[in-house]
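Shared chain: chain A. Partners: chain B in the first complex, chain C in the second.
Then we have the complex of A and B:
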């Protein structure tokens, strides 16, 4: 008697499985299994080709804690992520407010601010290294005018500042677009009410616009942070990690150790730490922000 | 899609304009910023037509007697990197990844958005957690997964991995978007006897176009511009160069010979940049439309 119902339920289950299955299978094979493999490899001394890698326990993590190079790459990455996230968010919101109007001129400005995102980070790096390098366009021009050469990419501190500058140049247009999207959701009624009540533009911004943007701010912070923590392509093409390793990021060092130094176990240990730090920081920011969001509502 | 364009028709009065600098100051500030944004692109374009000497001594000059197409032709026929083939290979990847990504992420997002059981919330969290895995680091163990599957160094292997990288954000965006589409539409179709696949593809999918447009734009940029994954998965041995790995092969050894660097970079960025400039309004409104509702 229940056979038709059971058959219908089975059919329903099969349909659901056929909709979920392919994506889940691919996700597991290409993402979950490799992450598991990274964790396993981080406990071995594998060099990438030997048949019998030995299990070395937490040795790679102990080595990591003592590796000056890896620790420096970690700090460089955190510095890039922290400074970059602040700059991207501030510039993103600031310029979104400036180009929010519907005029043709604003449409032009939006395009100009966004276009570097269309270029690959690799190309952006090569382009800026040709502009800023010791024998690059800017220095070539300075030399021909008899001025001193500026060490944009040849002094460690300058190189790190240049790297962050180029990251921001290439990336803040995305934040502008995200904030523009957020500004469309600010309640027109509230803005109108604030205007009628005689609130100054500044008061309106602080009390109406900014609270309404809170979720967008969170999305911006998390996205920028996650993106900057994996900075790699730009390092390859702009500085090559130099001078003297001063702009090596975690992702750069991980790929270098894994494939050039054949220290796959050690590279994997760094990968695991980077993944944990990325997830940890992103969740912390999201958690802190959600407290802010709730504070605003209360 | 209409979300951002709506204000064009509506009156100006209620637009949020909080920190308005005085008209002229705002424009002047934006003009200066625009110049800073555009100078590198200007240098890229004009330097592609100049000799090494002229690039360094007259970087900004547009004088016609400095300009020549000689270096651009040389870059186009560079034996290290066939740019025409690079365009074709990269475009093939962009199209394959976009189709596969929508085909896989669409149905699963539909199930996640419509089912209320806890296991589908967990499934969504699992997919979204993928956003926190840096692809540059993930590619290392993926090399060995692909070797095990016999897909290392192949186009299907690369396309499958690249598609996987699009899944977390696509599913997050699509599921959020589908939740805003009334389920009563599906129920009406179900009463008419349509199956789930049919309901999704013929009723829900057309309504989630803004979110799909957003993802297609984002995925097109990220696949076209990806460097580390094609470099490692396809490798120099496969003879398959994308635009970025080809640029790397052509430019990295000659990084101070600007008559190689600038023309090659210009050819590398030209197609996507031209498409972007032609479609700029649709790209930017497409990105915001998907983002606001999702």
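Then we have the complex of A and C:
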């Protein structure tokens, strides 16, 4: 026999379930099922067309471990992620400090800084290839002055540097916004106290502002790292993975192998590994940063 | 993090849909005399969606109640869109651009018993185990060298080179005359040009090259090494721009058509591009040279232009087959497609431009038409060969030697066996 209290508990549970249910369903359908299928596919030889892919065990992972191209793409991705994350964070903070303040000019510059992020990565890539290409704007100017062409996109090292540069240009608006939000939370009292105590701007920044921004730094680092680890569309539109495959990233190679080479099983194995590496790196950074955050609070 | 996982698992979403769809064993059905036929087509600057819709209008008018729905790729192209549509259980009835290989054939309707297919270009060469799945509108000549006649005259070259030694010598003269001898580019162009150049000499020296490579009597690297070494010397001598990999195909074409470079190796589709840009110099074309000592002209690399296939899963089989038959047989439809994308077909020479006629002559004079690169029909290499070859050839520009490139491509071929 149900009591009023039990009925109330049941109502509460139903309410909770009705609120959590849709989100949980979406989570399962959009994340858990695809990840599960991806893992399953990585154990098959599916080519994208066959009705009954054969189970090949860990063969795709063994092939991946032996693939010089995939290993190279992995290192390229890690390099882009490491250098890009540092640049995004440093430049994001630097520009946030420059435009932090309530003036119309600052508002204008904030819009300008954020604008590249609004553009499609494909558009950004095509735009910059028109600027940096061998017959692009920069080289056109240089050759008109009698100078040598600079190999922005034709030399492997230059192309990688160009790719990172464009990624940072296109992405750092988000970091600026996050740091600006963080800067609004820095205690005015502490800043005022530091000023009264005679601290220089540099001392104030290092000892008051930066520690207060620690949680924002963590968010920035993790977001930038995860975003850069799955760099794909800018590679397509800026370098096409070239020259000679030197700017192929892991995500680019996954799509290339999956659809160009009809090796979706192998592509899925790469996806699973990339997912694990991304999760591992993001968790490691978050864990390391949380220690810093704890230290700041203490 | 959640977004990352979602993105990384995107492929699996497609697969999930495939799993739910229960595979592709569905043979489809004949369908009725009216209804909708969905056709997935390649979209390019020449072949716009508007062009395709206009192309099929006469077919719709001749078949009241039939609606041909043109579908553009949702991915980078038809090749990656078709698996997605199949996986989602939403496959079109007809697909244009792709050719049947061992992976695709099981999903495609066999057209061997259709009498009209026998009159279509390259149908036998594209057949798999004598079974016809793919029919095309025309041919694309591949092994062509477009050249600036004024540059040749200025360099003192009286006639186009017939063998590769003469070609190399001509490059030296063109460079001395102030021209970049050979225009190339990054992207897909680098590897494609070398394949196009290799067709006549490889097919002359090894008529069964594909079979010998597949049976490991020959290796790609071994047979291509002399040409790779020659290309390496061209880079060293400045006969191609050492920064060419920073150009895309459009920039490369512009550079050639504005007279900065003297030669451009490309397929016959370039005729339309070249003529639309109206170069200020006299533009000519010659068949790719052969190795010294081999007859000239040699075999010409050809590919099928505008290939069509009907999907086995279609619910409008009769209409889909009727549409494809019309597309590759109707005089006006064929003429329109040939003209629109710069393709060729015997018996359709009336409206050819002077440059187009030169290409048709090259096709007619070639002793044999041969497959190229990944090839088709009985002459195929593993999927992905063209892309891998392109990367390998590009590495000649980034410091690798010709033997390194040969080794790299053989290693890749070995990994696919």
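Convention: the second predicted complex is superposed on the first by the 285 of 298 C-alpha atoms of A that agree within 3 Å, B and C clash if a C-alpha of one lies under 4 Å from a C-alpha of the other, contacts with A are read in each partner's own complex, and residues count from 1 in each chain.
Please note the rule applied: a contact is a pair of C-beta atoms (placed from the backbone, for glycine too) under 8 Å apart; a residue touches a chain by one contact, two chains touch by 3 or more.
Just so you know, these numbers come straight off a predicted model, no measurement behind them.
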Touched partner set for A:38, first chain B, second chain C, both or neither: both
A:129 touches, of chain B and chain C: first, second, both or neither? both
Which of chain B and chain C A:121 touches, first, second, both or neither: first
Touching partner for A:188 - first (chain B), second (chain C), both, neither: first
Greater residue coverage of chain A in the superposed arrangement, chain B or chain C: B
Partner chain(s) touched by A:163 [first = chain B, second = chain C, both, neither]: neither
Partner chain(s) touched by A:70 [first = chain B, second = chain C, both, neither]: neither
Touched partner set for A:268, first chain B, second chain C, both or neither: both
Which superposed partner A:81 touches (first chain B, second chain C, both, neither): neither
Touching partner for A:226 - first (chain B), second (chain C), both, neither: both
Contact residues of chain A, present in both the chain B and the chain C interface: 30-31, 33-35, 37-38, 41, 129, 133, 135, 226, 229-230, 236, 251, 254-255, 258-259, 264, 267-268, 271, 274-275, 278-279, 282
Parts of chain A lying in touch with chain C, wherever the complex brings them together: 30-31, 33-38, 41, 46-52, 63, 129, 132-136, 139, 149, 151-156, 159, 222, 226, 229-230, 236, 240-246, 251, 254-264, 267-268, 271, 274-275, 278-279, 282
Chain A residues within the chain B interface of the complex: 12, 15-16, 18-20, 22-24, 26-27, 29-31, 33-35, 37-38, 41, 94-95, 97-102, 105, 107-123, 126-131, 133, 135, 137-138, 140-141, 143-144, 169, 177-178, 180-186, 188, 191-192, 201-202, 204-205, 208-209, 226, 229-230, 232-233, 236-237, 251, 254-255, 258-259, 264, 267-268, 271, 274-275, 278-279, 282
Interfacial residue positions of chain C with respect to chain A in the complex: 1-13, 15-16, 19, 23-25, 75-76, 79-80, 83, 86-87, 103-104, 106-107, 186-187, 241-248, 251, 254-255, 383-384, 387, 391-392, 394-395, 397-398, 400, 415
Touching residues (chain side chain B, partner chain A) in the complex: 3-4, 7-8, 12-21, 26-27, 29-30, 33-34, 36-38, 40-41, 43-44, 47, 55-57, 59, 103-105, 107-108, 110-111, 115, 123, 126-127, 129-138, 140-142, 144-145, 149, 160-161, 163-164, 167, 171, 195-197, 200, 221, 224-228, 232, 243-244, 247-248, 251-252, 255-256, 258, 261-262, 265, 268-269, 272-273, 276-277, 280-281, 284, 287-289, 291-292
